[in-house]
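Scroll down for the structure; my scribbles are underneath it.
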Amino acid sequence: MATEKKRPINRLKTMYPLRALIDGMYQRALTASRAGQPVAWCMVNWWQGDPILKAMDVATVYPEDYGAVCAAFGAAQAYLEGAEADGFPAHMCGYARNCLGYTARMIEVGEIPPEAPMGGMPQPSLLLASGALCDARYKWFQALGRYLDAPLWVLELPHPGVKEALMVGAGEGNINFIAQQLGEFISFLEKLLGRRMDWDRLDKTVDNTMEMNRWWHRVNELRRARPCPMHSRDFWSSMPASLYMAADPGETTELYRQMYDEIKSRVDNKIGALKAPERYRLAFLELPPWHSLGFFNQLAERGWNFVIESWAYHPPQPLDLDRVSDPLERLARYSYHWLTGYYPKANEAGERWGYFAYPYLEYVRDYQCDGVVLHPLLSCRTATNHLMMVRDRLMKKLKVPSLVIEGDIVDLKLFDPARALSQAEAFEETMDHYKKLRKEAGFGW
Amino acid sequence: MNKVKIFTAGIDLGSTMTKVLILDGEGKSRAQVTGATGAEHRRLANKVMAQALGQAGLSLEEIGYIIATGYGRVNVPFADCQVTELTCHARGVSHLFPSARTAIDIGGQDAKGLKIRDGKLVDFVMNDRCAAGTGRFLEVTAETLGLRLEELGELSLKATSKVEIGSTCTIFAQAEMVALLSQGRPLAEILAGLHQAIASRVVKMTRGLKIEADVVFTGGVAQNAAVVQAIKERLGHDVLVPDEPLFTGALGAALLAREMALKCLANGDNIPKKERRLEEASLYEDY
Amino acid sequence: MAHFMGIDIGSATGKGVITQEGQPLVGHYLPSQANYRAAALELRQGLLAKAGLSPRDITKTVTTGHSVAGLPFKHERVADIRCCARGINRLFPQARTIIDIQAMSSRVIRLGQDGQVGNFIVSEPCAAGSGRFLEIMAHILRIDIEEIGPLSLRSQRPIHFTTSCAVFGESEAISRVAQGTPKEDILAGVHRALADKLCALTSRVGLEEPCTISGGGGLDTGLIKSLEERLSVSLLVPTQPQLVTALGAAIMAQEKEKLLD
Amino acid sequence: MAQDRGMDRAKAIYQNRSQRAGELKAQGKQVIGYLCAYPVLEMMTALDLVPFRILGDIKEPISRADACLPTVVCPFIRSALDLALKDRYQFLDGVVMAHSCDVAEKTAHIWHSYLRPPYFHFIDTPHTTRNSAVKQHKRLLKDFQKTLEQLAGRQLSQERLKEAVKAHNQQRALVRELYGLRKPDPPLISGAETLEVMVSLMSLPVDEGSRLLKQVITEVRQHNSGPPKKPARLLIWGSIMDNSSLIEMIEGLSANLVMDDTCVGSRFYWPDVAATEDPLDGLAHRYLVELKCPRTFRQADPNKASKDYQADLEYRFGYLMEYAKEWRVNGVILQSLRYCDIHGYEVPQVKDYLNSLGLPAIYLEYDYSQAALAPLRTRVQAFLEIIGQGNF
C-alpha cells in the first residue's frame, strides 16, 4: 500500500501470510461444499474439536470470525437488522445476531448471499457448539435450528472455581469428563459421516496443534521486550491461524516460526512496533472494535503501544504431555490447562477468579504495562463481566490504571473513537502518576 | 343499523398535545380540535373536549360513546372506556389506508411501530425509557434555534449534505447541535442531520416487525417533510402520510367507539356508558 | 508580577480565571450561547477588564473544555479533567476525590500527588445524570437555578422518580405539579435520582476522602445534601465551584511556563 | 409475626425476608444463601443447614455493584450483589452458587472475592444432558457434599439425604397443589399473591415452609378472596421475577395471571427428585435434566443426523402446552430481563412453538426497575386488545 510508509505502526511482514490463511479457510469450505463434502460451522473450542474435525477431513468455518469479517467489511449492519426483524433482542451477541441474520438471508435467497464477504459461509452439514466461556456459544447455534436442519453437537469445558478445582480428584475428574465427551463426539461424527476415525492421523494432528501453539506462545513471549516489537493489531491479524486452526497446523507452525525470527531480530535491534517512541505500554481487554481499528493508529501516534491483549485469544502456557499416549486425553488435558493453567498461582495470590481475571495480573506485570484499555461490550457479557473487577485488582495489586471505553464488536454505532480519544490526554497523566507510585513502591516498571 | 344515528368521540391525550375527534351518525368527522400545545395544558383535556362539543354543536350527553387513548388516557373523567394508542392508531391508519401493513407513529415523546394485517393490529414496538428521536427532539431543536417547529423541515430540505449527529439523547443532541453551529456548520446541514437521526432511530426500532409496504407515517412529526423524506430514504421506498397525521389516534378511538356502540345496539344491549364528568384529568399514577 | 489566564468553554457557560503569583485574582463567567468562539473572546475581555490588565500582562493562556477553532490570541489546550484536578488541588490540597458535575456530563476524578489525575471516570451521555436535568426542572417549575437548592432542602417527603430519562422526568414533574405535589418534593426527588447516578459513577473509581464537588452542580445545596447522604461523607465545597476548571487551566498555564525555563 | 398464619404470614415474610432467618440463627442454625435454582437444596437441608434464596430488590437503586460488575449485565444479579455489598446479606453463614448462567458464574467469583463469606462453594453445573454430563454433575455434587460436611462438622448419611429429598418433594407437591387452585375461572389466588408465597417459601426451612403452605392452601380454599373473573387468562414465561409489582400491574388490567414458567415459581418447584438407590443420582439428574431453564442445552435426539425443528420445539417446550391446556390459558407473556442472553435466544423459538399451537404471545423486555412498569402497562394492555381480551 502507498500509505504503508505513513502508517504509525510497523506491521510485521510475517503477519501477512498468517492473516491470509483465513481466506484459505473460507475458500476450502466453499470448495468442499461444492464438491458435496462435509462443512462444519464451529464455535471457537480451544483445540478440543478442531483437531478431530481436521483428522476426519471436515472443512470448517467459524461464525465468530465471520462476525468480525462482516464488521470489517461493513456488511454486518444489514445482518444485524435481519436478526432483529426475526425477534432476537438487540442486546444479544453481535456475532450471533450477524450469524442469525446471515443465515436467515441465506435461506431466503436459497444460496450464499451475493454480497457476503470472503465468498460467504456455505450451508453447514454440522454445527459444533461449545460450552466454553459463554452461554451464547451454544444458545446461538441452537437458535440456528430455526433456519438449518444441520445436526448440532455441544462440547463442554468445565469452569471450576479456583478452590473447587484444587480439591482432591477434581482436576482428573474434569479431564475425564472432557475426554469422554470427545469420545462421544467422535462416534457421533463416524455415524454422521459414515467413516471411521484414523487414530494415527488424529494423534499426529494433535501433536502438530500443540507444536503450532508452542511457537505462537514463544512469539508472544518476545513481546515483553522494550520497545515491544509486536502491536496488538498484528496479534489480532495472526491469531485466527491458531484459534480457528485456519490451515494445517504443520503449515501454520512454520509461519509462526518465521514470525518468531522476524520479531527476534526486531528485539535484538531494539526495533519497536511503533514509528513513534514507545511512551506507554498498554494491554487491551477484550475484543477490539473490528470496524474501527484505525483508532489504534491515532493512539500509536501518541506513543501508545499495545503489547498484550485478551487472555482468551492466547494459547495455553506450555504443557508437557509426551507421556500421555491417548490423543483424546491429550486434548482434554490441553484445553483444560488452557482454562485452569493459572489456577495454582491465582490460589497462592488469594485470587478467586482463576481465568479472565487473574491472568491479567500476570500479563500486566510480565509485560510491564503502564495502563489498560477496557472495552466493555454492550452485546457481550463474557468479554465484559470481569472488566470492573480486573480494573480494581490491577489498581490495588499493581498500581496500574485502566481507561474504560464502551463499545461493541460489530455494531459500529456503539463505539465513539472521538469520545475515547478525548480522554487519552488525561489518561496519560494518570499513567504517569502511577508510574511514579510504582517506582516508589519498588515495582520493576 | 345505519338507521340509528349515533355520535361517538375519540380523545387522544398525547404527551404534548390533546386531540379530540367527533364522528356523526354516518361516521363522518363532525368536529376535530387539538388542545393548546405545551405539557402544562395536557391535563386540561376537558377544555379541548368542550371546544370540540361546541364546534360540533353537541352536548356531552348526546355523544353515544367516548373512548380515551394516548399517554394520558387513564382517569379521563368523561370517557366511557380507554384503549391504548397502539390499537387506536392501527384502527385510524387502516381506515385511512386499507392497504397499510406497517405504521410508524412519532408523537411528542413516544415513537411506535405497528404491524397491521387485515386492518387489525397484530404486533408493535415502542420506545420506553428514553425520549430520543421523538417529537420532543424537534421541539428542543426549535427552542434552541429560536425557530418555529414548522420551519425546521423546510429549512433542512435546503441542505446539500448532512452532518452526523452522534448523540441519541435529546438533550445531548441539542448540545451537539450548539457545538456544530459554533464550528460554523450550516444550519440546514445540522437540521438535516437531526432529522436523519430521528428517522434512523424509528426505522431501526420498527425493523423488529419486519417492515412491509404499504408503510404509513402518522403523528405530529409526520407533519415535518424532512423526517418524511429521511424515512423514505432509510426504507428505500415511499411512505403514505395522512392529510392530518395528528388526528390518526383520535380518529381510531372514535371509530372504535362507533363500532362498540353499533355492536351493542345490534345485540340489543345498551351501551356501557360511564358516569361522565367534564373535569380535569389527572395524568400521573404512582407505582 | 506574573499573570496566567485559564479559559474553560462549557456547553452552557464559559468560565475564565486570571491568577497572580499562582493565586486566583479575578474570575468571570457568561453563557456560551451557540457561539463558543465569541464566548471565549468576551471572557478574555471581561477578565482583563476586571483585573485591569492588558493582554501583554498575561504570561500564558490555557484553554480547556470545548475546543474552539481559530482563536485570535496565543494559547495552549489542556484536557479539562486535568485542569479540574489542578484547580481543586489549589483550593483543597488535601482533597483526594472530585465529583465534577457539568451541565452536560459528570465525572469522578481521583487525585494523585500535587493535583495530578490519579484516576477518573466520565458519565455515559445521558442528561438524566447531568446538571442539565436540574435546569430543565427549574424551567418547568418556573424558579431560578439558585432557588433549587434551598427549596429542595425544605422537602419533607421527596417523590420517587420513576424515570431514567430527563425528558420523561420533565413530563413526570409536570404531571406532579398538575397533581399539586409541592415543588420542593419534586426537586428533592430529582436530587435523589441524580445522587443515585453519581453514587454509582463514584463507586466505579472508588471514593477516597476528603471528597470535594466542582462544576455548576456544586452551587446546588440540595444536590450536595443528597450526595452527602447517599455517599455518607461530607463534601468540601469551593465558594465558586463553577470556576474550578478555569482556575486549573490558569495553573496549567503557569506549569507549562515553568517547564519552558 | 409469630401470631400471623397462612397468607398474612407469607406476606409478612415477603415484606421482611431476613427476619425469620435472624430468629433461626439465634437458635443456632446456620443459614446458607444460594443464587438461582441450581444449588441442591436437599443436601443443605439434610445437614440441618437452612437454604435461603438470594434475591434482589427492585426498589433499591443499584450503586455499589457498579464497582465490580459492569452495567450491561443481568440487572437482577447486579441488584443482588448490590444488596450484599450494602451488607443486606451479612447474616448469611455461607453462600453457594452454581454455573446457572455466565453472569451467575462470574458473579460467584466476584461475590467470593469481595464479600469473602465464611463458607463458599461453586458448583460448575454442566450445560448438556447426556449421561456423561449427569455423571459429571454427580461428581461435582460429591465435592459440594465434602465442603458442606466440613461446614456442618458432620458426615451426610444417605438416609438423611433421602429424608431431605422426601421433604422437598412434599413441598413441591404442595406447590403444585397451590398452583392447581389457579385452574378455576376466576382463579382462587392471584398471581401476585402466589409469587409472594413462593418468595416466603424460599426464605424458610423446608418443613416450616410446607406447614405455611398447607395453611395458605386451606385458607385459599375456604374464603373466596381470590381475584374477580377477567377475560384474559395469561401464562408468563421467562427470566426471574422476585417482586410482585410487575404481576400486580398485569392483574390490574383485564387479565388474571393463572400460570407461570419462571424460577421463583413453577420452574423451581415442578419436577420431583426420583427416589434412587444413591440419592445423589436422583438429585444430579433432577437438577441438570429435569429443571427446565434455558441455561441448559436440551435437544430431542442429539445423535440424529439431521434436526427436525418442530420436534425439537416439542421436546423443549412441550410442557408449556400442558400448562396452557390445564390452566385454560388464552395468552402468553414472554418476559425477559434486559441483557438476559439465555432467555433472549429462546424468545423467537418459544414464539414459533406457541404460534404452532395458535397461542398468542407478546415479548416484554424490562430492566428490573420501577420505572419500567408504566410503559410495560401500555404494552400489556395493547396485547390484551390484540387478542380481543381488552376492556372494550
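Things to note:
First chain written, first letter: the chains are A, B, C and D, and each begins at residue 1.
Criterion: a contact is a pair of C-beta atoms (placed from the backbone, for glycine too) under 8 Å apart; a residue touches a chain by one contact, two chains touch by 3 or more.
Since the structure is predicted, the reported quantities are computational estimates derived from the model, not experimental observations.
Touching chain A and chain C at once are the following chains: B, D.
Ranked by separation of Cα centres from chain C, the top chain is D. When the C-beta pairs in contact are tallied for B-D and for B-C, the bigger tally goes to B-C.
With centres set at the average Cα position, the gap from chain B to chain C is 39 Å.
For the pair chain A and chain B, the distance between mean C-alpha positions equals 48 Å. Here the spacing of chain A and chain D, counted between their Cα centres, is 35 Å. Among the residues of chain A, those in touch with two or more other chains are 86-87, 388, 392. Across the assembly, chain D contributes residues 66-67, 370-371, 373-374 that each touch 2 or more other chains.
Each of the following residues of chain B touches two or more other chains: 129, 287.
Contact topology of the protein chains: fully connected, every pair of chains touching. The residues of chain A lying in touch with chain B in their complex are 81, 84-87, 416, 418. Contact residues on chain A toward chain C in their complex (touch as defined above): 388, 392, 395, 401, 404, 406, 419, 422-423, 425-427, 429-430, 432-434, 436-437. For chain C in complex with chain D, the residues that touch the partner chain are 160-164, 196, 199-201, 203-204, 206, 230.
Contact residues of chain D toward chain A in the complex are 66-70, 72-73, 99, 101-103, 105-110, 112-113, 120-122, 124, 126-128, 130, 132-133, 135-136, 139, 143, 146, 294-295, 297, 299, 302-309, 312, 336, 338-339, 341-342, 344-349, 351-352, 363, 365.
The touching residues of chain B, counted against chain A in their complex, run 166, 204, 207-211.
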